[in-house]
Amino acid sequence: MSTETSTTITRAADLKQVPWRNGQGMTTEIALGGSPDDFTWRVSLAEVAQSGDFSAFPGIDRIIVLIEGPSMRLQLPGHTQVLRTDEPFAFDGGVPVQCTVDQPTRDLNVMTRRGAARATLDVLVLVAGAPPLVVPASGTVVLVVLEGQVRLADGDTDLQQGDVVVTEEQVGLTGGGRVAVARILPGPAGDQLGSAAGSRRQV
Amino acid sequence: MSTETSTTITRAADLKQVPWRNGQGMTTEIALGGSPDDFTWRVSLAEVAQSGDFSAFPGIDRIIVLIEGPSMRLQLPGHTQVLRTDEPFAFDGGVPVQCTVDQPTRDLNVMTRRGAARATLDVLVLVAGAPPLVVPASGTVVLVVLEGQVRLADGDTDLQQGDVVVTEEQVGLTGGGRVAVARILPGPAGDQLGSAAGSRRQV
Amino acid sequence: MSTETSTTITRAADLKQVPWRNGQGMTTEIALGGSPDDFTWRVSLAEVAQSGDFSAFPGIDRIIVLIEGPSMRLQLPGHTQVLRTDEPFAFDGGVPVQCTVDQPTRDLNVMTRRGAARATLDVLVLVAGAPPLVVPASGTVVLVVLEGQVRLADGDTDLQQGDVVVTEEQVGLTGGGRVAVARILPGPAGDQLGSAAGSRRQV
Amino acid sequence: MSTETSTTITRAADLKQVPWRNGQGMTTEIALGGSPDDFTWRVSLAEVAQSGDFSAFPGIDRIIVLIEGPSMRLQLPGHTQVLRTDEPFAFDGGVPVQCTVDQPTRDLNVMTRRGAARATLDVLVLVAGAPPLVVPASGTVVLVVLEGQVRLADGDTDLQQGDVVVTEEQVGLTGGGRVAVARILPGPAGDQLGSAAGSRRQV
């Protein structure tokens, strides 16, 4: 990473928390495109203490991934999705969603304004001793260390749990742990990116 | 399989086709619990020639799996699911669903009346030379040979593509191919079995 | 469950630990068919504190699943498998395997003597409020509660983390959490059950 | 794609076939880095008519994916892998592998010389009407259309089944079908990229 302009590292301790719209929990802001009230895209982390309804975000495509806790059940209008850890699920942020948890859990959310941006979300596993895992440059990439010790390849930066990297350049990762990778692309109007979390769609 | 009463084999050639409710295609009836117009459960196979809306089945839980064709896109009220071959998806049969295909495809459907029955659906792969794959007895089990040559273990029955077995006994399968396994259980009222097709929920 | 003879419940506190053959760790015995030194099948749980070689078990088919910790890397003679939580992997227990971990992890192991028995291993997720998850009777079934609170349906038995059920009858499970399900079948000679952990092979 | 120099399109009809080393089949050369007898990397497609042993490629890391046929069983020294369509599997090309098929199948192979290069392999599904699927630039990317009609976004190029794109630039794909994406990176010495095909490792 050659320039300050395209790569930003934020330490976990420097992230700020904001209250939920429905008042039932707290959210940690990870990264934001635009203003908080009228964002183009937003990556955030929620601590869900109990079952309840999700806040509605009309016009927003949303991808959620459970990062801590055994499971979470989301009841959408015509489909009930049981989330398991590290398996992303994409849905329309504007529809009513009832969320059931059996114990406190944490989830990561990527939201994009339909027509203005679209996103993919993946969870990578790093194992010590393996070659660097390469995350290609493509739009804006947001990395969140979920667990373990991660190092940016060809650099001097060590990342701990909760640390965040926002970049528009290719990065290589080494170390051991789990890293969430959100990729934000400027998007065409008119379609949900419903397949973003397809289990074998791997770019 | 000791008795005629609990295991029925129907050859592909003996299955009958019925028109769709919306008139846009044909369905092959595989197995039925109850009457066609007021079934408790129903397993059927559809040939989808073009994109269109699914017929609505209020009060019915539905699991679909694409068995031929590269993909199928289902737009539900708040979620767009891209189906890949052999990956089951469970949803509420009563909500509006828009189905997009790029070429003619075939899919298998398991429907259960909510409160009266519930189901799971899996696709097994058999490889020649492996030990028999055991399908335990549990409720009513419906097997459909999707591809290849399959033999019921400890018996004299060879099954070809499209052949159907309905049984309440444990069966073992050998040979090479793909077999859909629907399991129908008498069900408690009040909940969708939305997670029946979870990718790592394997009983 | 009608009889004492076919269902046994063992509480986590009553399980005993035994040293590894290679002396590098401890194993909790979960369930055993036969004697410890000449078992037909064995289910056990290992705490892996550091990287090292697996003990060799010639003539034994082995399925391993990581149940705690982000990942584990297994180097077999011609293949390196990165295990993620809850994804079973089957291999020949007799070949040299080098295991790399980045931090202490726990894994569950199912071993069967080739020719005398074979096994499958799955991890189920239970979500509160869902209908009972039915585990059909088929050979010997060993359930291990990995996380959460689980209740045997139609019974009075609550299970906590680490509790074990061994049964030859069908059981229903409710509650919230993760449960490992090993199924042991008397086996034909001559083949590894290499595909036991196939991601979409779900019986 | 702005220049001829970094993107090459080869039509299916212009690909050439070469005999297997062991004489038991035919291989279609897709793309090659280096000379045929001393390649740094190689992407090829094999038609497997019957069961048999794989040719040994010492010092070569190999990723295989079944693209046509219900299944293929690979017996490695300590592990038997059952391949299902579109699920890549990485192994050491130098170890003995016995391949069992029940009917003629086709598979795609990506080989890299250990220490000189490494690779990932994925199969993407495109559904008509969805936004372009973006394949980021990263090393050398080889695209093979497995099924359907695909169009390079922002360009005039239509691709049919069997057509190949080799590029070092980012590409967008639209249309409907399945596309294999191999990514070749210059590699560090000393490790197999065994985890390249991890089901949830999605970059």
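Should a chain be cited, it is by its letter among A, B, C and D, assigned in written order, with residues numbered from 1 in that chain.
By definition in this document, contacts are C-beta pairs under 8 Å (C-beta built on N, C-alpha and C of every residue); 3 or more make two chains touch, one makes a residue touch a chain.
All figures in this text were calculated on a predicted structure; none of them were measured in a lab.
> Going by the touch criterion stated earlier, list every chain that contacts chain C and also contacts chain D.
Touching chain C and chain D alike, sorted by label: A, B.
> Over half shared numbers or under half: where do the identical copies chain B and chain C land at their interface, same or different?
Homomeric contact, same residues on both sides for the most part.
> Averaging only over C-alpha atoms, locate the centres of chain A and chain B and give their separation in whole Å.
Each chain's C-alpha centroid was found; their separation is 34 Å.
> Nearest whole angstrom, what separates the Cα centre of chain B from the Cα centre of chain C?
Computed value for the inter-centroid distance: 29 Å.
> In angstrom, rounded to a whole number, how far apart do the mean CA points of chain A and chain C lie?
The answer is 32 Å.
> Indicate the residues of chain B shared as contacts by at least two other chains.
In chain B, 73, 82, 84, 86-87, 125, 127, 129-130, 195, 198-201 touch at least two other chains.
> Once bound in the complex, which stretches of chain D touch chain B?
That would be residues 70-73, 82, 84-86, 100, 102-103, 125-130, 147-149, 175-178 of chain D.
> Using the touch definition up top, name the residues of chain D that touch chain A in the complex.
Its residues touching chain A are 86-87, 118, 120, 122-125, 127, 129-139, 170, 181, 185, 187-188, 191, 193, 195, 198-203.
> Which of the residues in chain C come into contact with chain D in the complex?
Those residues of chain C that touch chain D are 73, 75-82, 84, 87, 90-92, 94-97, 192, 194-195, 198-201.
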